[in-house]
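First chain written, first letter: the chains are A, B, C and D, and each begins at residue 1.
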Amino acid sequence: MRILMIGDIVGRPGRRAILNSLPDLRSELNIDFVIANGENAAAGHGITKEIAKQLFTAGVDVLTMGNHVWNKKEIIDYIDKEKRIIRPANYPPGTPGLGYNIFPAKDGVLIAVVNISGRVFMQELDCPFRVVDQVLAEIGDQTNIIIVDFHAEATSEKVAMGWYLDGRVTAICGTHTHVQTADERILPKGSAYITDVGMTGPRDSVIGVTVDSVIEKFITQMPRKFEVADTDYQLNAVVIGVNPQNGLAYEIERVFNLE
Amino acid sequence: MRILMIGDIVGRPGRRAILNSLPDLRSELNIDFVIANGENAAAGHGITKEIAKQLFTAGVDVLTMGNHVWNKKEIIDYIDKEKRIIRPANYPPGTPGLGYNIFPAKDGVLIAVVNISGRVFMQELDCPFRVVDQVLAEIGDQTNIIIVDFHAEATSEKVAMGWYLDGRVTAICGTHTHVQTADERILPKGSAYITDVGMTGPRDSVIGVTVDSVIEKFITQMPRKFEVADTDYQLNAVVIGVNPQNGLAYEIERVFNLE
Amino acid sequence: MRILMIGDIVGRPGRRAILNSLPDLRSELNIDFVIANGENAAAGHGITKEIAKQLFTAGVDVLTMGNHVWNKKEIIDYIDKEKRIIRPANYPPGTPGLGYNIFPAKDGVLIAVVNISGRVFMQELDCPFRVVDQVLAEIGDQTNIIIVDFHAEATSEKVAMGWYLDGRVTAICGTHTHVQTADERILPKGSAYITDVGMTGPRDSVIGVTVDSVIEKFITQMPRKFEVADTDYQLNAVVIGVNPQNGLAYEIERVFNLE
Amino acid sequence: MRILMIGDIVGRPGRRAILNSLPDLRSELNIDFVIANGENAAAGHGITKEIAKQLFTAGVDVLTMGNHVWNKKEIIDYIDKEKRIIRPANYPPGTPGLGYNIFPAKDGVLIAVVNISGRVFMQELDCPFRVVDQVLAEIGDQTNIIIVDFHAEATSEKVAMGWYLDGRVTAICGTHTHVQTADERILPKGSAYITDVGMTGPRDSVIGVTVDSVIEKFITQMPRKFEVADTDYQLNAVVIGVNPQNGLAYEIERVFNLE
């Protein structure tokens, strides 16, 4: 079984990448199941019902989110209806939506998708390590194929989570920095790991945003409206080869496609 | 001309990587000049005179630093004598040491090495963008081969610096996160860029530190002494192919060696 | 000579405090010159031309700002025309507006008003200590009455600035936390000091904002629109008694008025 | 019933303040019970068994802590034996020591003392609002006299906690900034509140530390050993007048004594 995990989809170029490239990728890479981080899909901030539907139609099976999950207000109602959108599990109890869910893939195989947020340099959420333990306990023996999207900033927190979950999940895929890392590997106990899957969005940009506006912001320290850059896209993802017997990964391979 | 830029050397495994692998790498990769980030060379924190000498002897031409530059106190005197150690240029005026320097490579070609620190999630230093402008003005036409080690945390700041310097320097190499990124490229105006060169240190670790201690720190939030992990090493670097005519890069290639 | 420094004016209740109370305060406290921090005057975020005029008409002589200075876009043009609005001096060179200015008070006495921002837990601006040195050098012997509004979060940075400027300025008045501190004093070399002047705005609020929305934000960690609370006002200020001979302070007294 | 809450005791001058002044204060202010924050009692960082005993002997009934709680390692064992030392309740489950405890005062009246840490600009602990709810549930009807030391940096978080607990506890006393605030009041539903009780330590210092070292640190951004300043002390505290019938406060008064 081969699972594709796609890095943060940013704005129109990111959606175009999915619409144009995903069908081919699915067949070329022989993909059975597609997860994509969608926290920046709507103009760089959050997601809407319409955009989510578009992405599902294009072949995404599950959308994970991150710190931008609530940017478009309609998600607050929508996320309770659309169980294929997963938000970080370490928001407080009572938060709309699900922090993980279990989905049927081909041949009735079940795949659990978990979304967790880091805390270093980020929001004040519940401890990601304790919450992921609780999520794994809840998943129990419903399935042994578990993909964790750990949406975090600091490499220390992400790498630590990789080791913490090694052998207990299928894959730990970092997201949020919008830059793909080159450290993909199978950890000693059999989990696939990458610090960051990267970004699916405009290539000639600063993590999705127009170059000039970000440079100007850094230099002037004055507020600046950030707009998604309108350039050719890059698609960043990883393919995870899964052994359905034990839920462990036999392979993780980076995808870095250009328009 | 081919320049090797080595990512943060961490502790004993990192030094072993240099001693064991650098001589072979120099010849295999046909390297003319070697820069290495040495901010974590001494037990993970800073550098000493003895360790610096060891690294120079092993074939490093220039050591750049970062936020850990002052961890070993002897550096404060030593850095004013050893002009091959470069600390972030955006420390305030009057700081010991140099923020950049110009070195002779083979055939009398001159190479400027610049070290700058980011500010996002880091220390309160001078604006890296304005300081790098000033450094480039000072370098002037002494040489057009300029390698910038941008030691920073946030991908936004690093990518922005890449675009800011594109066409004005030979290469912008990010350091500090200890995880190599997969976004190396030649930018449109000819500068080589990578968000992070990665770490040269213990592979089975959390960015250099023993796995258990970091996990325990994250979970308990209690202070924990961090020690460099004692495992096999990884060596992370990039090779930059330089056109000495215009000082631009024709190539940037990642190196990810395992012990 | 007696100078009134008023803490951050927040929204409608803050403006009402000025309109209702300032005329009486001026005469009761025998005030010669009024400075007020206006960074939150317009609905809690920034200031407009109209509101600035209203405050000047009500008896404010100079408005200082802070991290919210640019929230209302019209200020970017207006601040270059209205020299009685002072923004933090440690924004980069080229920033609109002035970081300090010198104003005539009664009997032709000149008063310099300086605005500086802290960096700890705040924006990445130029070093406040080096910038204030430069400002004092520029003021030179134009006047020895100098009031510094140090707009900062961390008590360490504010107290350090107090000691740094002791004997070199008339008063160092902290702003930004919206909570008045009880540590007002004349420092050993003659400068008046207070860590925070406090807030002039709605009393039953969380530093100006409606209580429920802030609590909900902390608990849910979801985005929440913050509105200025619509309650009775408090007016927070300090009176600084100045010896015009040497520009030092003989007195600093807190004002904490309720509607 | 009158309770004295003393702000962070810093180093030798802070301990001297307690030894010299507390006996007199107890009788002059007619105090029945004394709580003091002791997180900086040992040379500015943490507390030792010996120093804790000294403070208890001098008349402190309960010591609360904060982010510096673990600085001296011996506390880790000692805190499980000494139930009069309370550390922030929102450390993870399993942390040594107690986050609250209930103590007998005169006439058999019981007083609950709770310590909570903020999260804004601080450590990544559990949600202080949810944890305090849980602590209050556990205290239940054992006593209605409840003093909360909220050890936090941001005024927004502290003021919000005050409103959150108004009517449910006797007093919410902020600590950690080492600067006493002037906003003490009885909130509408009967709880006493102050944003920060202040510091009991060396007066001519930067929140306890020698002035020159802190200024030098801010200007040079180089590491600097911080030592507790050796100057006359200040003692910062609040007296809370409690109605034992309903556990609410009828009075809160600041204490700001100088050596």
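In the analysis below, a residue touches a chain if its C-beta (ideal position, glycine included) is under 8 Å from a C-beta of that chain, and two chains touch if they have at least 3 such contacts.
According to UniProt, the chain labels map to these proteins: A, B, C, D = Metallophosphoesterase.
Please read all numbers here as calculations on a predicted model, not as lab measurements.
Of all chains in the assembly, those touching chain A and also chain C are B, D. Shared residue numbers account for over half of those found at the interface formed by chain C and chain D, and the copies are therefore classed as meeting with the same residues. Rotation angle relating chain A to chain D: 180°, from a CA superposition, given to the nearest 5.
Remark: chain B and chain C have CA centroids separated by 42 Å (rounded to whole angstrom).
Taking the mean of the C-alpha atoms as each chain's centre, chain A and chain B sit 30 Å apart.
Listed for chain D are residues 92, 124, 127, 130, 219, each touching two or more other chains. Every residue of chain A that touches chain B in the complex is listed here, in rising order: 121, 127, 129-130, 153-157, 159-160, 163-164, 177-183, 188, 195-196, 198, 204, 206-207, 209, 211, 214-215, 218-219, 254, 256. On chain D, the positions that touch chain B within their shared complex are 70-71, 76, 91-92, 94-95, 123-125, 219-223.
Of all the residues in chain D, the ones that touch chain A in their complex are 92, 119-120, 124, 126-127, 130.
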